[in-house]
Amino acid sequence: MTVIKVFERPKLKNPILIEGLPGVGNIGRVAVGYLIEELGAKKFAQLYSEHFFPFVMLHENYQIHLLKNEFYYWKAKKPGQRDLILLIGDCQSLSTHGHYEIIETILNFVEKFGVKEMFTIGGLATGEIEDKPKVLGAVSHKELAKKYGKFGIDFSAGERVGYIVGASGLFLGLGKERGMKGVCMLGETSGFPIVTDPKAADVVLEALTKILKIKIDTTKLDKRVAEMEKFIKKVEDLQRKALTQISKEEKAPVKGKEQLRYIG
Amino acid sequence: MTVIKVFERPKLKNPILIEGLPGVGNIGRVAVGYLIEELGAKKFAQLYSEHFFPFVMLHENYQIHLLKNEFYYWKAKKPGQRDLILLIGDCQSLSTHGHYEIIETILNFVEKFGVKEMFTIGGLATGEIEDKPKVLGAVSHKELAKKYGKFGIDFSAGERVGYIVGASGLFLGLGKERGMKGVCMLGETSGFPIVTDPKAADVVLEALTKILKIKIDTTKLDKRVAEMEKFIKKVEDLQRKALTQISKEEKAPVKGKEQLRYIG
Amino acid sequence: MTVIKVFERPKLKNPILIEGLPGVGNIGRVAVGYLIEELGAKKFAQLYSEHFFPFVMLHENYQIHLLKNEFYYWKAKKPGQRDLILLIGDCQSLSTHGHYEIIETILNFVEKFGVKEMFTIGGLATGEIEDKPKVLGAVSHKELAKKYGKFGIDFSAGERVGYIVGASGLFLGLGKERGMKGVCMLGETSGFPIVTDPKAADVVLEALTKILKIKIDTTKLDKRVAEMEKFIKKVEDLQRKALTQISKEEKAPVKGKEQLRYIG
Amino acid sequence: MTVIKVFERPKLKNPILIEGLPGVGNIGRVAVGYLIEELGAKKFAQLYSEHFFPFVMLHENYQIHLLKNEFYYWKAKKPGQRDLILLIGDCQSLSTHGHYEIIETILNFVEKFGVKEMFTIGGLATGEIEDKPKVLGAVSHKELAKKYGKFGIDFSAGERVGYIVGASGLFLGLGKERGMKGVCMLGETSGFPIVTDPKAADVVLEALTKILKIKIDTTKLDKRVAEMEKFIKKVEDLQRKALTQISKEEKAPVKGKEQLRYIG
C-alpha cells in the first residue's frame, strides 16, 4: 500500500526530478526544502505508504500530521533553465523492501510527466566535523561524470565509500533500468545522528543551482535550516522513541502466576 | 489478507465513526464497549487480518475465539443526535505496516456508509496515577479544536507528546487524505502495562456523550469495566506470552552431535 | 505465494477435514500420518508456500525434498462413516502472518470439495511426562462440546490454557467465519522441544477413530512413530540449525580496515 | 516486486539452466561467471527485486550499480552439446520468503524458453581447508544420480548435510513441482565467511563441462577468480556493513530530556 494523491496535473516540458528525502545530515531534505521555498514551487501531489512509521505527529500542539513524501513543480522562467519536479518528505521506508516499492511507485509517477533525468541528494558521513565540506558525486551513466565534473562535484566517492543506502542511490539504480539518467550529490557531513547540517546543504545547493542555471538567495539558509531542523529533528526523535518503545514492549517480561502452556 | 465479513448493510444518515480499539489503558476499548452496551448498538460486520496474532483464544473453557475488530451501528433517536458506527476490537496490528492496511480497509468500508467525521479514543501515558485525568485532544483540521474545545477537551496535547502511535492517530491522518474530519480524544492514564483504566474512560465518555448529545448511565461503568477487563487482560497476557514463547523458540540452542554444515 | 498443486479432483460426499500439521509433540502429524497409512488414503494435492523455510531437505542421501503440506482423501466404506480429507505436512508457517494466508488458502481449497466440518489435532505442553495423557478439546460452536464429550474428550482446556497458537486453532477460527464447524483435539504432552510423543498421539487417535467410526490397528503405532520421528526430527533440527545459522550470520562482525561511511 | 527486464528473446532448443548465484565459497558464482566468459555467452535479461538489499554499489569510483541477477544464453556449437541459459548475480534474497518469490519468477521466465533441466551450483562448508575438494550432488529425481554418478559427483551429500539453503536447493525443489529435473552440485569448501574458493569452483567446473560436453581453458581460472573476487567480496562486505549499520541505528539509545509519553 503506497498511495500517491494528486492535486494537480501540471504540463511540464522535459522536467528534471530533484530528490531530497531525509538521510544522513538531512542534506537533501534541507537543500531541496529551501529550493522549494525560494523558487515558490507548487505542491501538486503527496505520497504515503504502509512502509512509513505507523504514527501521526502533532504539530502546533494539536494538529495531526501523517508522514508523507511531497511533490512540487516549478516551471522554467528563463532560457537555459528546465522545468523541475522537487521531491521532499518526512521519512524514507522503515522496511528494506519498502524502499524498492516506494521508489518504483514514484518513478512510475514522474515518468508520466516526462522525467528522463534526475538529481538526488544525500550525505556522506565522514565521522569528522567538516570545515569545508566537499560535494561527492555518483552517476548512473559514465558520461555524466564528465558533464558535471566542472561544477565542483568530486567524482571519486567510490574511493571512500562502497555503496549508497536508500533513496539517493536506488533512484539512480532503478531509474537507469527504465532509461533515466541520474546524478547523486553527496555532501560531506559528520554523520552524528540527529544532526541537520546546513553547511553541507549549502555546498550542495551551490553546485545544484549552477547546474540548473537558477539563482537563489542563500543568505537565509541558516535561518531557515534552524526552523526546518525543529520539525526534522522531531520526526527523527519520535521514530527513535517509538522504535525503542516497541522494542521494550516486545521484550517486556510476562507476569502472572498462570504457568505458560503452549499449544500447537 | 484483511477481511471484513458483513452481516447487515444498515442505511445510515451521515454517520459518525467512533473508534475504540485497545491501546494504552484500553480507554477507547472500554469507553466504546460501554457505549455500545448502553445504547444497545447492533453488530453488523467484523474484521480479521493476517496482521493479528496467529492464535485463537479459548473462552468459557472450550470455545474458540478468533481475534477480531467489530462494527456496530446505532441510529439517532432524537433531534440533534447523529447515526453512529462504533468500532471495537480485540487487538491492533502486530506488524507496523499492518496498521496502514487495516485502517485503509476500514476507511474504505465505512466510507460506503457515508462516514465523513470520526472520533477516535486513546490514552496518554503520564507515568503517574492520575486522580483527575484530563482529556487531551488532537484534530485533523484546525477549526475542529475551536468547535470541540468547549466540551472540556484540552487541545494542548502536543506540548506533552509528539506523536500518536497506531489506530487512534492513523485513522485521523489517513481519513484526512480522503476528506474526512476527525478528533482524537486521549485520556490521561498512568500507562503501566496491562492496566485498564476506567477513570480515564469515564472522563472521555463524559466529553464524548456531551458532543454526541447522548445520555447514558455511567454508574455501571466501574462494574462493567471490571468484567471487560478480564477479557482484555487475557488477550494482552496471551499476546505477551506468545511473543515471549516465539522469541524463546527462535533463540533455542541447537543440540545434537552432528556438526553444522551450511550449504548455499 | 502459497500454491496448491492438484493431482486429482476426487468427488467426495460431505467430507470431514482432519488436520495434522507439526506442532508440540508432533501429535497431529503422527496421528494423522498413521491414519493415512492404515486407511490407505490417497494423496491428491500438495501445498508449498513462501512462508515455509527457504531450504530443501536431503533424504536417502541425495534426493531433494521441498517443504510441503499434503492432502489425502479416503472414501467411506461402511454406513455411518464419512469421506475424509486428511492434511499432513512438514511444517507450518515461518512468519506470523503466513499462518492466516496458508490456512485461508487451504480452506478455500477444501471448501470446493464440500468440507463443512473439521477435526484439528495439536498438543498441550504440560511440562511433565504424562503417564496417562488426556485429550483436551476446544470447539468452534458450543453444541459440539456436548456432542463429542462422550468420546473421552475433556472440554475444560480453557482452565489450563488460554489460547491455541497456529494451525490447530486458526483452522477452527477462520473456518467458523465461513460457516464451518470444528473440534480441536489436544493431546497432553511434556512439550520438551524436539520430542515426538506417540503416547499422546495414541489417545488422540483412539478418540478420533471412535468418532469417525473407523477401526484401525494401533499396535504398529510405536514402530511407525519411531520411523516417522526420524524424518520429523530432521525437519525440526534443520529448521533450528538454519535459524541459528541465519541469526549468526546477521550478527557476524564486520571486518576490514576500511572505515564505515554511511551514505543516505 | 521482482522484475525481469528482457533485452532479447533468443530462440533456444531444449536449453539447460545453469545457476550460479552467490553462496558459501561463492563457488557457483565463480564457476558460472568463468563459464560465461569462456563461452562468450550473451546477456539477454536481468532481474532486480525488493528482496535484495536496498542500496546501490559504486564501482570505478562513481558509477552506480544496482544489485541484480543476470541471464546469459549460449547456443550449442557441436553435436552432443545443448543450448544453455546461465544465471549469475550479485546476491540472493535478503528475506526468507523472497527466495520463493524470486525463484518462482525465474522458473516462470526460463520455462518460456523451454527449460526442462537444470544444474545448480553451491558450496558445502566443511569447516576445514580442503586440499582435494570433492563435488557432492543432490537430485530432484532418483534416476539422475545414476546418470551423473559417473562424472565424479559423490551422491552421498545427505550423509554429511541435511539440507540446502537458498537458491541451489529451491531451484530443484520448486522446479520439480513443474516437472523439471535438476542436479545440485556442491563443491567442498572451508566455509569461512567472505572467502571465494577457486579450487572448489575448479572441480565443479570440471564435472560440469564434462557433462555438458564443453571444453574450456581453465588455466585462467585462478587469475579471473582473483579479479571477480574483488567485486564479490565488496558486495559481501557492504551487505555486512549495511546490516550492522542498520542494526546499530535501530538500537541507538534515545536521547533528550523530554520524557517518553506513549499514546495509543
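So that you can tell them apart, the chains are marked A, B, C and D in the order they are listed, and the count of residues begins at 1 in each.
Heads up, the rule we're going with is that a residue touches a chain if its C-beta (ideal position, glycine included) is under 8 Å from a C-beta of that chain, and two chains touch if they have at least 3 such contacts.
None of these values were measured; they are calculated from a predicted model.
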Between subunit B and its twin subunit C, rotation from the CA superposition, multiple of 5 degrees: 90
Numbering shared by both copies at the subunit D-subunit A contact, with half separating same from different: different
Distance between the centres, which are taken as Cα means, of subunit D and subunit A, whole angstrom: 33
Computed distance of Cα centres, subunit C from subunit A, in Å: 47
Subunit C, residues touching no fewer than two other chains: 98, 161-166, 169, 237, 241, 245, 258, 262
Parts of subunit B lying in touch with subunit A, wherever the complex brings them together: 93, 96-101, 104, 137-140, 142, 145, 155-159, 161-166, 169-170, 172-174, 176-177, 182, 184, 193-194, 237, 240-241, 243-245, 247
Contacting residues of subunit D [partner subunit A, same complex]: 1, 3, 5, 48-67, 94-95, 98, 234, 237-238, 241-242, 245-246, 249-250, 252-256, 258, 260, 262
